[in-house]
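Handing you a structure now.
Every chain is named by a letter (A, B and C) in the order it is written, and numbering of its residues begins at 1.
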């Protein structure tokens, strides 16, 4: 079933274009009447909660606005301030660091897990178990690990120490961000693994069978068959999780009883702090604006790579 | 397949790795439950033992608002009144309303973009897709200002407003699916005199149960986990959802020592509905991932 | 199935609408003249005492109910600012000298001077100087509720095991260079896993069982729980003038020296490393028997001397620094939200909080020292009745030239974050004290331009 869904859009689009002209005209008359009804709710929602706030956000970013008074136009001054704000650059930097650690570890482990499941078992119970951390709110995940890694009372911390592995700590400048990143890796790896697994299920089984007949081992089959054929899905998952990863907020917001230390004061938190602790809504909007541009560029680059990997396969 | 001793050993190692993954996934939840059953006075002495020495349900009683402030303080709490049952209900309403309404409205729009012909259709769809690129925080700040201006803070209406009518992703996803449905069926219906609405409602919707459930479930999970927006817009008791309640519970801990046993009891309660969902819908949920992954 | 779905959707929407409707009706309404006031404080140890005040107030004013919400200090200000941004702040909140100015600047606190004059509130009943901390340009932004000073608290069992007596602690000296006799005591009190103390050449700083001194580095821009008091005793001052200065002096070398003194304590193994920080506060770590000495504020008396404390503690005066013994003296106030719908009722509550009726109740529970001078004496008596020796806090408060006020300026929230970040990064060895503090100081002073 899933495989069908995955593949059909292209073919369906083709059948869709083959309308007999007479009916198309008949439909045309009808649709002008019906379209507003179908589109209206989504369009209203889009206009009020996407378009209007986008315009307003750009406007805020050009003002001195405290949320308590009226916005006061100040031109590009927020952006000028931004360029010289070490805290802003720091938050951008640590967020990028988080994204790299999180995405790399999550993708690698998820790939491995998916490959193991793919070659060993179809168990739904196993898959459902791996999915649980993804279903749990990040707030709960953050609390759970703040507790497990507490320097005095945390169980995992005790365990790591008794194994001679100090390290994970939310307050060491070296380890704080990797610790946070690994917490979210824990939360999202199962989910990512299931996405990869779904992709692997679409790889024709006979490829593996004939490779086995040729005497290929599992590792070789993974490298020669699984990885290349999974590339489009791999790329797609990367795009989606990368954008999502930049939005880390909940986890650090609960792990740190005070505000996060500079090593983990991610961009979302900094925006939140500027807007709601310091009443600098205008400045916060300017930071958000920069984030839009950064993410836009990243998406663009990634989509280019994605397209490249697709044509590679064809 | 050929079974050499090496391959057998390999499979053994592979199974061990899978078991490790399951343990790593599940253990933190075990520890959460274990802590929630521990009296807070035992936190220091019991820190390393796998089983609470004096198991108790007091922490659950506390987070369900069943004890007095005095008893709560004695058990490591701050004495604040909390009721996680109420917050769970709020979370269910919040995610339920959003999931159902959003899926429905986005199906309508997705259908229009896939099937109806009207001027400006593709341009409009292009704008919708472009909105996929805008990070939520950018619209979150002005949306907060808007909900505040409309005096909808701390109301369910304000809470669900930005996502109840649509998200660009759901429209995009469902439109892609509707494109894949063969037109023949609908055309037969047109010949029978069915209008667009009844084609949509009688034919397309029933044919699309899989993707609709996928989008519905994904949206439910997303709303269930949502924190920042409800934190800003719905902190008050009457609209407080589970995630916000946990955050506030953490904030209202005693100053010198977070109320860890109470927090873990609250966390357990926030995981419980998810487990129930998984038990009843596990197969659906696991399968639905196949759709979203591929889009 | 489909019908069920529709029914469910309808039901949920109905519930949501009902919810949003009750939300409007629920708004601490005036129904029948009854008013509910929301009141915020951060110290969970004080909730019970102020609840008694609230109950007494309700008895006297049956139409007004006070709902108390406690939020831990760590998140108090962020919560408050978020609520203020939502236009939904508590009617009355406990306020702090370093944080209230930003609310004055943004017009969020009600000027109560007209009410004070109208009701002829006697401001002379408060401890000297407290009421004036909340005045700017002739406007008054709060009534004093309590005051606090700092002292050292120590674990008597652990110290006497190392041969340190109470007498050794009454006249400690301190300087940023070698730490004076305070450092000697700290070294002696530090014990490693083999039972060697910090003065023993065999002392193993990597396996410390009891730390001689627990520092506080999450202490904003004031360092009230340690570095601020010590630096002042070395001759440091925060500001060009207090209150309402506009130029901070965090680049003073005396402050850098003080922070460096803390750093060497960590390096020698006498204090825990900052990155091994737990979610537990210092009192909890002291209670676990993992610390021998730390700073304590007078608001913490009860958590150390109460019957439930797991260790035996006593208080000692702060050490005498190069320019004498200096403790911060800080007063809290109760402020009224400018946007409250119940100004008169809120004022009645604040007036009650600042009256002998409420402060005597608080004094009786011996939780904090109330702002009214007479109530302070009652609190002291209540402590003595419980057999608690807390004289050092009041003695320090009375010593002439021995106290200083925490900085009162605009931008408190931002300054706290900036200075706290700088000090933590110095302690972690990411920057050196002099340049780190200079940079922070520039950032802070730039906020006033």
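The rule is short, and it goes like this: a residue touches a chain if its C-beta (ideal position, glycine included) is under 8 Å from a C-beta of that chain, and two chains touch if they have at least 3 such contacts.
Not measured: the values here are computed from a predicted model.
S.K.: Among the chains, which is located farthest from subunit A on the basis of C-alpha centroids?
M.R.: C
S.K.: If you tally contacting C-beta pairs for every chain pair, which pair wins?
M.R.: A-B
S.K.: At what distance in angstrom does the C-alpha mean of subunit C lie from that of subunit A?
M.R.: Spacing between the chain centres: roughly 39 Å.
S.K.: Cα centroid separation between subunit B and subunit C, in whole Å?
M.R.: The mean C-alpha positions of subunit B and subunit C differ by 38 Å.
S.K.: Take the average of all CA coordinates in subunit A, do the same for subunit B, and state the distance between these two points in whole angstrom.
M.R.: 15
S.K.: Send over the residues of subunit C in touch with two or more other chains.
M.R.: 72, 74-75, 82, 279-280, 288
S.K.: Could you check subunit B for residues that touch two or more other chains and list them?
M.R.: If we look for residues of subunit B contacting two or more partner chains, we find 44, 232, 258, 260.
S.K.: Scan subunit A for residues touching two or more other chains and write them down.
M.R.: Touching at least two other chains: 67, 147, 152-153, 257, 275-276.
S.K.: In the complex, go through subunit C and note every residue touching subunit B.
M.R.: Subunit C residues touching subunit B: 2, 5, 8-9, 12-13, 15-17, 19-20, 22-24, 26, 42-45, 47-48, 51, 69-75, 79, 82-83, 86-88, 279-284, 288, 303.
S.K.: Using the touch definition from the top, list the residues of subunit C that touch subunit A in their complex.
M.R.: So the residues of subunit C touching subunit A come out as 72, 74-75, 77-78, 81-82, 84-85, 102, 106-108, 218, 274-280, 285, 288, 290, 413-414, 417, 420-421, 424-425, 428, 430.
S.K.: Show me the residue ranges of subunit A that touch subunit C in the complex, using the header's touch definition.
M.R.: It comes out as residues 66-69, 146-147, 150-153, 169, 171-173, 175-176, 257-259, 261-262, 273, 275-279.
S.K.: Considering the complex alone, what residue numbers of subunit B touch subunit C?
M.R.: Touch residues, subunit B against subunit C: 44, 69, 73, 78-80, 93, 96-97, 100-101, 104, 148, 152-158, 160, 206, 231-232, 235-236, 238-239, 251-258, 260.
S.K.: Mind listing the subunit A positions that touch subunit B in their complex?
M.R.: Answer in residue numbers: 1-2, 5-6, 8-9, 11-13, 15-16, 19, 23-24, 26-28, 30-32, 34-35, 37-39, 41-46, 48-50, 52-54, 56-57, 60, 67, 112-113, 116-117, 119-121, 124-140, 143-145, 147-148, 152-153, 155, 158, 186, 190-191, 194-196, 198-199, 201, 209, 212, 217-218, 233, 236-237, 243, 246-247, 249-250, 253-254, 257, 268, 271-272, 275-276, 281, 284-285, 288-289, 291-292, 295-296, 299.
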